[in-house]
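For clarity, chains are labelled A, B, C and D in written order, and residue numbers in each chain start from 1.
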Amino acid sequence: MSRQNSTASQMDHQPLSREDLAKLVAADIAPGSYVNLGIGQPTKVSDHLTPEQRVTLHTENGMLGMGREAHGEDIDEELINAGKIPVTELPGASYFHHADSFAMMRGGHLDVCVLGAFQVSTGGDLANWSTGAPDAIPAVGGAMDLAIGAKEVFVMMSLFAKDGTPKIVADCSYPVTGLGCVSRVYTDHGVFLIEAQDGGPRLVLREAYGIAPEELVKRFDFPVVIAG
Amino acid sequence: MSRQNSTASQMDHQPLSREDLAKLVAADIAPGSYVNLGIGQPTKVSDHLTPEQRVTLHTENGMLGMGREAHGEDIDEELINAGKIPVTELPGASYFHHADSFAMMRGGHLDVCVLGAFQVSTGGDLANWSTGAPDAIPAVGGAMDLAIGAKEVFVMMSLFAKDGTPKIVADCSYPVTGLGCVSRVYTDHGVFLIEAQDGGPRLVLREAYGIAPEELVKRFDFPVVIAG
Amino acid sequence: MTEFVDTAAEAVAGVSDGATVLLGGFGNAGQPMELIDALLDSGTSDLTVVSNNAGQGDRGLALLIKERRVRKVICSFPRQSDSWHFDAAYRAGELELELVPQGNLAERLRAAGAGIGAFFTPTGYGTSLAEGKETREIEGRNYVLEHPIRGDVALIKALKADDVGNLVYRKTARNFGPVMAAAASHTVVQVAELVPSGSLDPENVITPGIYVDTVTALTPGTSQTQEAKQA
Amino acid sequence: MTEFVDTAAEAVAGVSDGATVLLGGFGNAGQPMELIDALLDSGTSDLTVVSNNAGQGDRGLALLIKERRVRKVICSFPRQSDSWHFDAAYRAGELELELVPQGNLAERLRAAGAGIGAFFTPTGYGTSLAEGKETREIEGRNYVLEHPIRGDVALIKALKADDVGNLVYRKTARNFGPVMAAAASHTVVQVAELVPSGSLDPENVITPGIYVDTVTALTPGTSQTQEAKQA
């Protein structure tokens, strides 16, 4: 779909692969940050963080200084991440209990949290915990805590749903996880900033991928500012 | 004063000395209890606790398993009790921060707290933090936390004020520290229990010292039940 | 004072029908599997279980649910790939679910242990999980009022206990253990090892013995265990 | 990320006039005396100080008060035998006092660090210190609503810091350090010793480095200090 919308000048640019998206998010994380990477796509960001960035990873089940996924003999079933995957411990790590861990999040001490999403609203509302299907078993985990638990919340997702409609919306139709909490949306077709300003937040397209910015903003039925 | 009120049958009994009072309180603490002893007279209770009682002392500045007062070379200015007196550490001790320490108290985990008092009301209200003098520098410390922070609050005090009036009163005239929190009052002339019952608490004289129980209860202008 | 018992069965003997039971663990890490198995064997029923998850596969809490011994689950994440016993009981309408955001679950347990009557949390504000709850704007931010979750019993797992009941944990198996130990009227702990008093550095004790009522060591009969019990 | 500086003067250089400063310590234990002295030397004024006590003798906070650099003190126990500078300033009406029960002080600081908007506490209910505050009966018990105390800066003392800012404390000098570190926008720590990353057991870290912004080691020029700074 994005290819069809590409202008001639964008022919040499492709939409971002998941790998490239993870690389882009990783590069945008400020050196020395404390970061929580959500389950799924956001986890891949850790593959692209460089040692020079000195980023410290938090996992909400009680650890700072989490290392890479553990394999083979490194696997320890008492050392897992929030996705219950065995991980490793880096020098300078620390363990704490669940109340202390979520106090750290809720208190706004993490610099960045990266999450997946079903939808993000132009006002920064996040929907990522429930499809709202009436027969689904509900489960929330730490999603609502993560949504409000960092100085900045970055979302990573594909920009368009299977039916071709954008997943950045005026108002979330899925059940929300948190209100006004997302500051950036990283997608295959563009990076969007949700900027606070008088009169309410505005949505800014920082950069488009595989499509001209002018074409991309036409896909929305609300105003999107092209960064200039 | 108490001597004048003694009946002939009580002549061989004296009011309790401070030492005897501390001994009595110590003996009443159930084996295995976790106990906080307030500053001043209550501190003396620790001298009379036996090793067989296995009582663990809490100090609200962040320690369980506090030992005796430290002297000479044992003095460590980073190991003090709530009265800022150097103390020692017993095997099995633990340290924790102030919020955890007061959570332990507020959460009702201590078995007994022993406090001094200016007044105790028949309903168990405690007044021990302020004389209410208009020109005094106010200071509360942990008094209000201790008042509500144990399964049982024992008060140790002299029963009569300098003017001869009882310090167990219908209503506290001094500023209160906590409401309905005291369960026992240990005094030189008698031990009183404040027992919950339908229709409000009742004051029971468990035992009198240096005075006949019948004489002692006459000193109050409200009913005191003599334990039988 | 902490009591030491030889078996998981003795350790959970005091759990009554209808009790609210706090179960430690996040996934398998820190899950007191042997205590849960003993609870299953004890026949106790009509339980309210508070735990992060709602059982996996054919073990532990999943079996308690399968056997319809659990009336209600308070948890943050019941849906897992192998949570079929929860799914079946829930869909059959035979299991009540109170879904709580994970950090609110931890903080509500912490509040119970800390004597806090209720607290305003930003987590969940504006979501369906806060529906019907009191809200308040404080200094420009919106909060939901949440209440403590108290347990009659907590079943948790730690690495070591000394003979006054002080506990240390291991890595991310610590998770809910310390807050649950403080939130329950009676806390039962399974440990890998008992050590004599004085062998845990007082600076490093995570759960002081005041929160620990019953301990059982599951490593088969080490002499250390016996020594500590007799100390 | 934690920065390491050589002197107490550099460590407190960021404290502005009018700041709310959280000062660790209970009596002398855990009091960051060198940082307070540096604050005095810096000339900063119009401070709100949050601390358990309000200075003793002619040192530290007492001198800040004597020099009228403190506008307001939030504390639990200002009256001590040698708190004459507090007494004089207070009686002269030149120092505002907010008296807070010690456990409410600790919990309000904890709430600030933990993102709790307000909480209901039983401490102080029915007393003059709760006058004018919202109260509520919850399950038959009476509570007072208390709000967080946030600091612009915390000045605390610990035993050791590693090179990512993880802290361990010593005995009852731990007291308010961990909650103040989390309650302030910028936390400054004086330590006796800097150690390389990896030399503190992750199980035993009391304050994780995420809460620590600036560290200064006050033991004169150990090689360990230099090594840790370069690590």
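To be clear about the criterion, contacts are C-beta pairs under 8 Å (C-beta built on N, C-alpha and C of every residue); 3 or more make two chains touch, one makes a residue touch a chain.
Nothing here was measured: the structure is a model prediction, and the numbers come from that model.
Note: centroid distance subunit C to subunit D, computed from Cα atoms, is 33 Å. Distance between subunit B and subunit C, defined via averaged C-alpha coordinates, is recorded as 35 Å.
Residues of subunit B in contact with at least two other chains: 63, 89, 95-96, 103, 105-106, 148-149.
Shared interface positions of subunit C, i.e. residues touching 2 or more other chains, are given as 107, 110, 114-116, 121-122, 169-171, 202-203, 206. Shown here, the protein chains touch in an arrangement that is not a line, ring, star or fully connected set. Contacting chain pairs (ordered by label): A-C, A-D, B-C, B-D, C-D. The part of subunit A that touches subunit C in the complex is made up of residues 59-63, 76-81, 84, 89, 95-99, 101-103, 105-106, 125, 130, 135-145, 148-149, 175-179. Within the complex, the subunit B residues that touch subunit C are 31-34, 54, 56, 58, 63-65, 89, 91-96, 103-110, 148-149. Against subunit C, the residues of subunit D that register as touching in their complex are 107, 111, 114-122, 136, 138-139, 141, 143, 147, 168-171, 201-204, 206.
Those residues of subunit C whose C-beta lies close enough to touch subunit A in the complex are 26-30, 52, 76-79, 83, 86-87, 90-91, 97, 99-107, 109-110, 121-129, 142, 169-179, 206.
Interface residues of subunit D facing subunit A in the complex, by the touch rule stated above, are 1, 110, 112-116, 162-164, 166, 182, 197-198, 202-203, 205, 208-211.
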